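There are structures below to look over.
Each of the next two complexes has subunit A plus one more chain, namely subunit B in the first and subunit C in the second.
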Partner chain A sequence: MSSTETEFRDLQSAATSHRGDRVFNRIITAAAFTALIVLAGITIFLGFQAVPVLQTQGIDFLTTSIWDPPNYGIWGMLYGSLLLSIIALVIAVPTSLLLSVFMVFLAPNSVAKVLTNLVDLMAAIPSVILGLWAFYVLSPVSEQWQALLNQYLGWIPIFQNSSGNFSGTPFTAGFILAIMMIPIVTSVTREVLGRTPPELINAAEALGCSMWTMLRYVALPYGRGGLVGGVMLGLGRALGETIAVFFVLKIVFDPVNYYNIIESGGGSVATLIVSKFGEASGPYETQLLLAAGFFLFMGTLLVNVVANLIVNRTGRLKS
Partner chain B sequence: MSTAEFDDVKIEDVQELEKEIAMRGTASATEMEARDVSVWFGKRKVLEGVSIAFPKNTVTALIGPSGCGKSTFIRTLNRLHELIPSAALAGEVLYEGNDIYAPEVDPVHIRLKIGMVFQKPNPFPSMTIRGNVLSGLKLSGLKRSNHDDIVEHTLKAAGLWNEVKDRLNHAAGDLSGGQQQRLVIARALAVNPSVLLMDEPCSALDPGSTLKIEETIRELSSEITIIIVTHNMQQAVRVADNTAFFLSTDGTPGHVIEQGPTTEIFGNPQDQRTLDYVNGRFG
Partner chain C sequence: MSATIIFDDALVADLSQQQPQTPWGRRTSKFRTVVILAILIPAAIVTMLWWFSEIPKPVLMVSIYLPLQIVASVLAAIAVRGTKSAIDAVIIVSAIGATIFSLVVLISVLWSIVTKGMQALSAAFLFQNNEYISPSTPLGYGGLGHAVVGTILIVGISALIAVPLGVMTAIYITEVRGRAVPYVRFFVQAMSGVPSVVAGLFILTTLILTGALNQSAFAAGLAYAILMLPTVARTAEEVLKLVPDELRTGALALGSTRARVVLKVVVPAAKTGMITAAILGVARVVGETAPLLLTALKNDKTVLNPFSDPISALPTYIFDNVAQPYPDAVIRAWGAALTLMVLVAILFTLTRMLSAKRLGK
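Here is the complex of A and B:
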């Protein structure tokens, strides 16, 4: 055995490294683990609440949509959270991309700076303010837009509305979520696009390509990972957002509104929790709400994992 | 008007005419020409009155110390200069006798005819080797049917074919720096340019790769006109038919001190500063 003949020198142990570095190392490691511990703590706490709920309600808690003692099921709310997020993504992602492309590649420096500050400021608006604004200002206007959508695009299933009631719709809730996502997504995409290596932009320009083709084939593929990350951050906010949605969405358990986005009524787990928590009839209902929180948490994790898979699968070249 | 003045004017006119005729005589042999080109960034003038003719199918080296405006100058030749905000330009750049800055000229068209290779190898990392070679066609929307032929022909011309022919669908980022630079040359050649601008193409490469690129340059020069910025004096001697020496002293805008056949510039320079520079006494 060669290992008995070769005596390896100690390169890694604390004895050979600088003392200050060792202390610093420990502090950093501890700080890094804090995030993990908090995450684990939340998961365990919520998980403990979810277990008894699953024992009493069974899998029906996830597959049915009802909030009527003694039967509880949050399927409609889980689905609603997803639907609202998709609506928000569809509105926010293109808007944010266009905004950041403008700021990075087109706008003069001074304009870009002002815009950057404005967008960052937008992220600082408390969601309760946005909720109030959505309730008093956005909703009435949104009802008119939805009536127009229904009138001209009503032949598309998602724009069908049989009740004539355009208030409290997933569309309006998704719209206010989009407004909350835009500053976050824009911030990240601007940063990512701004980091496109100048030599790649040079290469594209020297090959005689237009702005659009440069974006399509150079800047966007280069920043793909970061762009998806930005969208995920925004999505995280959309999935977890409570108050703003609470103001504009009418919570309906049954029937589940699957795709009629301009029909009154929808769901959102976070909003369910905030709307029921104050008036919870007892410790069991509180437990039900915490269990709902657990599954919202799991759903968010799932979305993140799926997004990561998508990023890793597409466009990766073999090495 | 006195007779003397009349005569003066006439003589000047004749000289002007002779110049014109001389230029026309060489027009067929001159692929590109810069006439009295001056360049500004904002209020700062960085190049003054540069006039150089680039004969067809020759290699011209632009030499000079850092900061003398060589790279800036080469970027005016395919209209990349104008993409920098605050950039300004005076003078004319002629390609096949036509001013490339004329209002009716499409800069995209110019950049397709006048290709460019940069200092740092810049293949597109998200594309394959093959994809990189064809990216010029894709980006500019040119339609060609014989993609396989183009890939093989240009990679052979760039001296890379034998090294990559079995892994055309691998990521371009896996190639070495020298290979990447030759890939980038192949990419520039794929759109069939008649002029190739090279801005210090070997400065980031090892000697072996540098030699390969120089071989490529010599071979390509039978078909296209090459203009190369280099800090490497030996490289200029090895590859260039003509050489122009740029200099900017004490914050004055860069200008051409001396230009002519490479053998003259290095063997028998007329200006003391050229002599000092090519002998490595400064810069």
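Here is the complex of A and C:
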């Protein structure tokens, strides 16, 4: 062993074996695992509550839709969360994409900068305020829109409404979710589109491509991963949103509203938890809500992990 | 006499500043006339219909104005640039439409908060609490003072917990650089997706139902901390990355230990950024309602003890007053929304000012 090598190793160990450094490293490392501990804690503690519920209710807890002691099933809520998310995605994804196309490719820099700030401000509005706005401002307007949709497009199954009651519909709830998703999705898509290399855009222009051709064959394929990831981050937010939906959606267990999006009544797991918590009559009902929370957590965790993997694979994005 | 271009730093810097060419941005007089016509004609037709027809306004805007404007733009594009740019016209009109739609929503939200919230504002509203007040009590009495105190208490507790932990997580990722960095980063990202209601349920089942804590400001602060930590950690990480490596190597070369480098050099250098991270964390949680409904409940009195009693905060105050059959209660909800929004706007502006200051250095 040469003397330089030993010397170097001595120096290296001297640098890391300083006692203060070791203590410091340990404290920091311990703190860094808070996130893991919390995630594991949520999984274990909520999962622990879900087990007895699944034992007493069986798989019916997930496959039936009823909230009538002693039978409980949250299928309608699980499906409702999905339906609301789909409505929100249908409204929010094209809007966000077009909004970011406007900001990146069409608007002058100064306008784009102002719009970026406004979109960020939109993301900062607390959901309880959006819920308040949805209840008093959006709902009355939305009821008119839905009546018109029913009047002119009622022959399409999703726009059927037999009750004539257009309040508390999945449409309004999905709409407010879309408004919460738009800033989240836009901030990702704007950045993804903005990072299309100018050489590629210039090359497309030089070849005589129209803007649509450039978007279709250069910008969108280039940022595909980031775009999908951004949409899924928005979806994660929509699945977990509670309060805004609470104000505008009428929770109905039976019958499950499968596709009549402008018919009063629908479901959402997150909203179920809040709306039933106040009237929970005993430890068992609280346990049911904790179990519902467990499945909500698993669903959002899955969506978020996939979204982050996709976004990370296409390069890190600031959020 | 050769016209040699000297690629000195100034020219390179100038060239790299240049924006990509945008041929669709050309402006000729024919182009201008056609564009103006394409905007004016649909607008004129729809204005006529707006005043002189019985067609419901939303139908008019969505099923007449929008298609009309798209058709006009497509025709204009074909006239100016040929058939190839027809789809471009559709995209441009829809992109502007999407932008206007988002702005209308944002302005509608802010406008309703300000106009309706102003009706509630008064000294009594801001400083009194809700004791002896029922939803039907007239506006002159009672207020959200107790909820402001509650929000400050709960957010303060969560910041005391989440900011140090978040900053330490960021230090682990950028300074300690242990083997687990990719995993830590992954868990922080996964944690940022925890729904707020689940954070509340977690504290409820681990600490409240087991009897360790009451439903109180401290319990709510813990639930908020779960939501705040990922935001703080991710922002702090971005900021610490901006600290130049020369500062670290310089300090190490002077013989300081790694711990001292981090505590005395790196973190102070990123001080503004750390404050931004904390503010963003606070802004992330300040309007969250669902965790409070599970872990703090409500209280009409002003509570200062974070462990003893249930406590109200601004979001729960709004929640309690929405959908009440009394107009004054609804105005109170809007007043609380205005207060909360002003708080959020202050935090939002602070982060912008701080980051502008950092970039300016």
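To be clear about the criterion, the second predicted complex is superposed on the first by the 266 of 319 C-alpha atoms of A that agree within 3 Å, B and C clash if a C-alpha of one lies under 4 Å from a C-alpha of the other, contacts with A are read in each partner's own complex, and residues count from 1 in each chain.
The rule we apply is simple: a contact is a pair of C-beta atoms (placed from the backbone, for glycine too) under 8 Å apart; a residue touches a chain by one contact, two chains touch by 3 or more.
What you see is a predicted model; the values in this text were computed from it and never measured.
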Applying the document's definition of touch, where does A:L89 land relative to subunit B and subunit C: first, second, both, or neither?
neither
For A:A203, decide between first (touching subunit B), second (touching subunit C), both and neither.
first
If we overlay the two complexes on their shared chain A, which of subunit B and subunit C does A:L289 touch? Say first, second, both or neither.
second
Let me test your reading of the model: by the given contact rule, A:A219 touches which partner, first (subunit B), second (subunit C), both or neither?
neither
When the two structures are overlaid on chain A, which partner does A:L39 contact: first (subunit B), second (subunit C), both, or neither?
second
Overlapping contact positions on subunit A, where the subunit C interface meets the subunit B interface
202, 205, 210, 318-319
Counting only contacts in the complex, subunit A reaches subunit C at residues 15-16, 18, 20-21, 23-25, 27-29, 31-36, 38-39, 41-42, 45-46, 49, 94-96, 98-99, 101-103, 105-106, 115, 117-122, 124-133, 135-137, 144-145, 148, 152, 179, 182, 186, 198, 201-202, 205, 210-212, 215, 233, 236, 239-243, 247, 270, 273-274, 277-278, 283, 286, 289-290, 293, 296-297, 300-301, 303-305, 307-308, 312, 318-319
Contacts from subunit B onto subunit A in the complex sit at residues 78, 80, 83, 85, 107-112, 115-116, 118, 120, 122-128, 135-136, 138-141, 169-171, 173-174, 184, 187-188, 191
Using the touch definition from the top, list the residues of subunit A that touch subunit B in their complex.
108-109, 197, 199-200, 202-210, 213-214, 217-218, 221-222, 224, 315, 317-319
For subunit C, which residues are in contact with subunit A within the complex?
19-24, 56, 58-59, 63, 84-85, 87-88, 91-92, 94-99, 101-103, 105-106, 108-109, 112-113, 116, 164-165, 168-169, 171-173, 175-176, 178, 180, 183-184, 186-198, 201-202, 204-206, 209, 226, 229-230, 233-234, 238, 257-260, 262-263, 283, 286-290, 293-294, 315, 318-319, 322-323, 330, 333-334, 337, 340-341, 344-345, 347-348, 352
